[in-house]
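All remarks here apply to the structure that follows.
Per-chain residue numbering starts at 1, and chain names A, B, C and D are given in the order in which the chains are listed.
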Amino acid sequence: MKKVYAKEELCLNCHLCEVFCKTAHSLSKDVIKANKYEQPAPAARVKVYGDNKLSVAVNCRHCEEPKCVKACITGAMTKDKKTGIVSVNEEKCIGCMTCLAVCPFGCIQTGKFAVKCDLCRGEDEPACVKNCPNRALVYTDLGGAEV
Amino acid sequence: MKYIIIGASAAGLACAEQIRKEDAAGSITVMTGEHYLPYSRPTISYYLKGALKPSDMYLRKPSYYAANGIEILTDTPAREINRENKTVKAGRKSYAYDKLCICTGSKPFIPPMKHVEGKANAYTFLDFAGAKILKQKATPNTKAVIIGAGLIGMKAAEGLSKICQSVDVVELAPRILPSILDEASAKKVQKYIEEKGHIHFHLGDTVKEAKSKDKRITSLILNSGKELPCDMLVLAVGVRPETQLAEQAGIETDRGILTDPATMRTSDSDIYAAGDCTVSVDMLDGSKKILALYPNAVYQGTAAGSQMAGGNILVSGTYAVNAIDFYGLRICTCGLINAQGPQYTDKTAQHGDRYKRLIFENNRLVGFVLINAGENAGIYTSLIENRTDLAEIQTDIFDTPSLFMFEKAQRQKRLKGESV
Amino acid sequence: MLKEGQIRIPSGCAIAGIIDRKGGLINGCEIIKSIALMHDRSNGLGGGFAAYGIYPEHKDEYAFHIFYDSAEAQKKCEEFLFKHFNVDEAERIPTKKIPAIKNGPDIWRYFARVNRVRMKNARLDESEYVMQCVTKVNDAFEGAYIFSSGKNMGCFKAVGYPEDVGEFYMLDKYDAYLWTAHGRFPTNTPGWWGGAHPFNVLDWSVVHNGEISSYDANRRYIEQFGYKCSMQTDTEVITYLFDHLIRHHGLPTNVAADVLTAPEWDEIDRMDAQKKEYFTNLRAIYSGALVNGPFSVILGSNKGLLAINDRLKLRSLTAATKGSRAYFASEESAIRVVCPDPEKVWSVSGADPVFVPLEINEKEDA
Amino acid sequence: MAIDYIPRSFTIVRDKERCIDCGCCVRQCSNECHYFADDGKTVLADSQNCVACHRCVDLCPTHALRIEKYICDYRENANWTAQYQQEICRQADSGGTLLSAMGNPKPYPIYWDKILLNASQVTNPSIDPLREPMEIRTILGRKPERMTVEEKGKSTIKMPPQVVLETPIMFSAMSFGSISLNAQKSLAMAAKNLGTLFNTGEGGLHPDLEAYTDHAIVQVASGRFGVHKEYLNRSRYVEIKIGQGAKPGIGGHLPGEKVNVEVSNARMIPVGSDAISPAPHHDIYSIEDLRQLIWSIKQATDNTKPVCVKIAAVHNVAAIVSGCARAGADIIAIDGFRGGTGAAPTRIRDNVGIPIELALAAADQRLREEGIRSHVSLVAAGSFRCSADIVKAIALGADACYCASAPLIAMGCHMCRTCNTGKCNWGIATQRPELTKRLNPDIMHQRVENLITAWNHEIKEIMGGMGINSIDSLRGNRLMLRGIGLSEKELQILGIKHAGE
């Protein structure tokens, strides 16, 4: 399946991926409303770590054998057989964050429900990849070899 | 092949699904004494406090089981396992099996208390049915008393506090959530809960006897002599593995059903066991323990199912990991939290309402307790599970864990999503 | 208004040419008939002919055709001519008064041999010596214009329609083995006898139809080698290019034609190695000599007749053969009027020039 | 605190309603103009160091930022302009020569803008570039006097080495050191894909560019940085840098901070040492020395590569060009005074040298008068801003054009003219790893290719309009040009008529 891969040597620590992820997962889909006025504030599913010298944007790896799906106590976290996307059903999720406690990559963030990347529900290009100014995030199915 | 699974919760469902994945033809029958299709037990407290609709509690859509050829027999408690002719008696019928898996989970442990047995308003809080009764019975002016300040007791207290004005919790140990919190963190959480949930704690105390009137408890006399008026009593002292069926069938047990920690096979080669009813081996210190936790049940169920269907999935390593929240206060714990012994050291970092306690064994992380400081806790968990030598960690262990903890090669592996 | 030669005059035209490879003689009236048919392609402000093999008795002498505007212009020019050449004969070119051709200059012709002594101390070879003398007269002597200076050939041109010019010079009295003709359609000039085609250098004569957009690039290229483009016409620069490539650089005529009408690079890239190297070197060395923009040209010389068309074939030029004769014209009809049943008729293609050698002169050169 | 005599040049204007305080500008500005307030949430700006490089403006996700000129008036004085006063203050502060970057910004006449192009109307037809092949292939190198053939179709000439370009546009010299490796790699990749050449400048050849040596012009400058036999051979042709348009007559100065390990390896000089290329080549004190250097380079490359000599456009440029041609240079590059530079003394950049248009016209005419124009290739450099400039240069007589500033702008440069500070926010004129990574060659080489491909299309369209379908017929074709608002003298030097004639 196509996944998002981060190339740390190209990441500029600009955090635009976070801004546009929030926008893509907001109600208004407007970059200003989503990031400034909308309540409850939408959450970014990608997070940038590091500083100007070295940084990288981390979002869900959509693992083949997802630990978070196994650990989810309500069955809200599932991996779609066809698309391979691991996503959370926001109604069923009770926000206990057990998934967060087992994800070895730190791709899940705390919120009213588990905040994690859903690859923009199979858009042709996730918002973070589309808005990365330096192609530090690529959306390919090369298994990260090309990374 | 005919597969029978006793118990339809986390372990039972995981086992059934794994069998189906590896054996498309075999007939799979899952028996449960409960009235409901497989549902998530930990969510009953969210149901009790009205945060979750019943329909959202089910683990799979009803149509799922037929679609995947898994037969669920509700209201069918297994009565007896006949190992000679490999059959299970339930109700008036007996079901033959080639491979059997016992996933009977745990049962409430009720300590000896005078005049509590059989009282109409003494309840347990383990399953959906129990939660439904509490929800029906509880009214704003019900005086609720919960015995036990463990995970279940505290969750029951939180739920009831949304309905009843007066909620009292009685706990033998000197602090709440003794199994997952230490002295300092327990005090902080207790103070927080008392503010948020108007719950009264009676620590280091227990119920000596109960006064009752025509089969209903009216008040409780504690060891300390205090008397608590009580219309509803919830027994949440603890749980024990449900091993009654296994013991009758002569399968080895020691507090829980004994199994091979990797294949989950019991002393009978055609019988497996998984979940809360088994005894696990804690990979962190090798000791045998009851690790009644949802993720472990799923791993064990999956391994048992695979072995039963001739597959080769094993349980890699079992340890405790827990994430729970009370009134928005998030607690996340993992590993040996109350480990004693010279080789264990621990350090705590606290600022404002963030509390982070890390437990080390020589140069390895073996446990943590995080309160409102759970960001990327899973990375700590992976350090524990992979027994990572902390010398390799590039950043300060107390910083929020990130992939920058690992040097470049390791980091690249994780960025590429290779399993770690 | 600027006189011709001081300004570049864009013009369309008609061209025609007939050659008998075996040297058989063709009477003037045939070429006149051919060019006359294309009357509408010119506007009466210029017409002319070139004829090869018309002075067999003066085969080894230079036949100078000169226009004089005044007597003293003639005096000064003849003075220069007699000094640099040994002139055997001098006479007015016989012409017939016809209403269509009005108030032209006085037209004389001289048969002369090079003054060897002067030529030696000028340290030039014969062709260069003759060319420099002609250029000197045409540039320096006001009112005198040498419009033909080849051996055993001559140009006959004037302001008027070509068929009238032919009648004016009584070309039906001449027989030649190679004829070229031209009808001019210049814009913004009242017409000037000297400006009519063909344009002549030594025994080259060029008639041209079209407008080359690479004119200034070609001009500034050729002027590097001593040529002076005084007429500012396409014909002049094309003639000098041929003269330079063939005489100075000794290239065969058809190779010179390749320089001017080189094929496109994507064609060259597809050729075999040897051809590819040939054309790549050609275009690299002579990039300034590439001629661009629509044109069709007929080049006469004692070696034969060369017909070339621009690379994109934007101007018409038809060719035909019958027996030892070859016909060329801007329109097929102008060929059929003089040769109703040609054996082969085809349209000259862009980057593929047609060269019809004169076998009689070939024996001499070989 | 000493008095700050020089007011800031720009003001950063933040639209509070649009700004979402995401801090992207804070992290991106290498001049640290943006910063978080104490609450760590709201973003503020101190415009003192702003150089209007627009990094923050372009990356701001909500386009909340704008840069405007900071008007701080001085009493009006046509002679003592604000700029001269401020430059005096700066020198009063530093006591050193003023350094600045990019080409001559002074409002001297720009002749490209005063030359108009011809088009065919009725007498000769335009050529339709969609139907006919439009040829812009350019062949550089020394051409023999004449062609020799055995017969039609069989060449017997022994051709000196030629360089075939698929476009008359090449990338001018920008050394690894003044610009980042990523920037140079992007140009190298673009050059390869476009079928043209990039120029290593006097910074030597970085090993990472090994795959692009067939498209590399390697420079031999007065500092001889990184020059050795393989370097000369791993190239498409060798360029001897006598002068540079932005700083005629002087050498170059790459500050030590920029000479990191990589730069020192490529230049074969110690890390951290200032890379100073001396004013003259210390082995060329007259034209015949140049001939010897040309021969020795040809020997080192056993005559497989043309040798180019690059000179700055100065007063007797026509004679210099003729001298170089006769000294054996196969290609001669003339760099006008608007040519860019990473760092050059302001006074020299602003006052020394002449415009490329006049230099090119004079040199082309002189070579033709001497009958040797067709033997050598002439390359013009010194600020081409669009394809029309290129067409005009070729019509004036250039074989090809060197472009540098334009591709840089395609890669993000905003002409803030502070390359000498080494803090280029776009990752071009800097060696700092956190800045150079901002220029991703995989993205930027495509932008440069797009630019040159676009210019090629425009050149073909303009040529078509003139009825020309091969660039050979445009070269030196000055009838295609007309001057407008030019003096008689300027028209005469440019060799073109005035519009309307």
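The working rule: a contact is a pair of C-beta atoms (placed from the backbone, for glycine too) under 8 Å apart; a residue touches a chain by one contact, two chains touch by 3 or more.
Keep in mind that what you see is a predicted model, and the values were worked out from it rather than measured.
Looking at A-D and A-B side by side, the one with more C-beta contacts is A-B. The centroid of the Cα atoms in chain A and the matching centroid in chain D are 43 Å apart. Chain B and chain D have CA centres that are 71 Å apart. Centre-to-centre spacing of chain A and chain B amounts to 29 Å, using the average Cα coordinate of each chain.
If you average the Cα atoms of chain C and of chain D, the two centres end up 47 Å apart. Counting partner chains per residue, chain C shows two or more touched chains at no residue at all.
Taken together, the chains touch in the following pairs: A-B, A-D, C-D.
The touching residues of chain D, when paired with chain A in their complex, are 17-18, 20-24, 27-28, 59, 61-62, 433-434, 437-438, 440, 442-443. Interface residues of chain A facing chain D in the complex, by the touch rule stated above, are 9-16, 18-20, 31-32, 35-36, 52-53, 131, 133-136. By the touch criterion stated above, chain D contacts chain C in their complex at residues 120, 123-125, 127, 132-133, 135, 137, 139, 141, 143-144, 146-147, 149, 151-155, 157, 159, 162, 368-369, 371-374, 397, 466-470, 472-480. The residues of chain A lying in touch with chain B in their complex are 3, 5-6, 8, 49-50, 54, 56, 58, 61-65, 67, 70-71, 73-75, 91-92, 94-106, 108-110, 143-145, 147. Against chain A, in their complex, chain B makes its touches with residues 10, 14, 40, 42-43, 46, 51-52, 56-60, 294-295, 298-299, 302, 321-325, 330, 332, 334, 374-379, 381-382, 385, 401-404, 411-412, 414-420.
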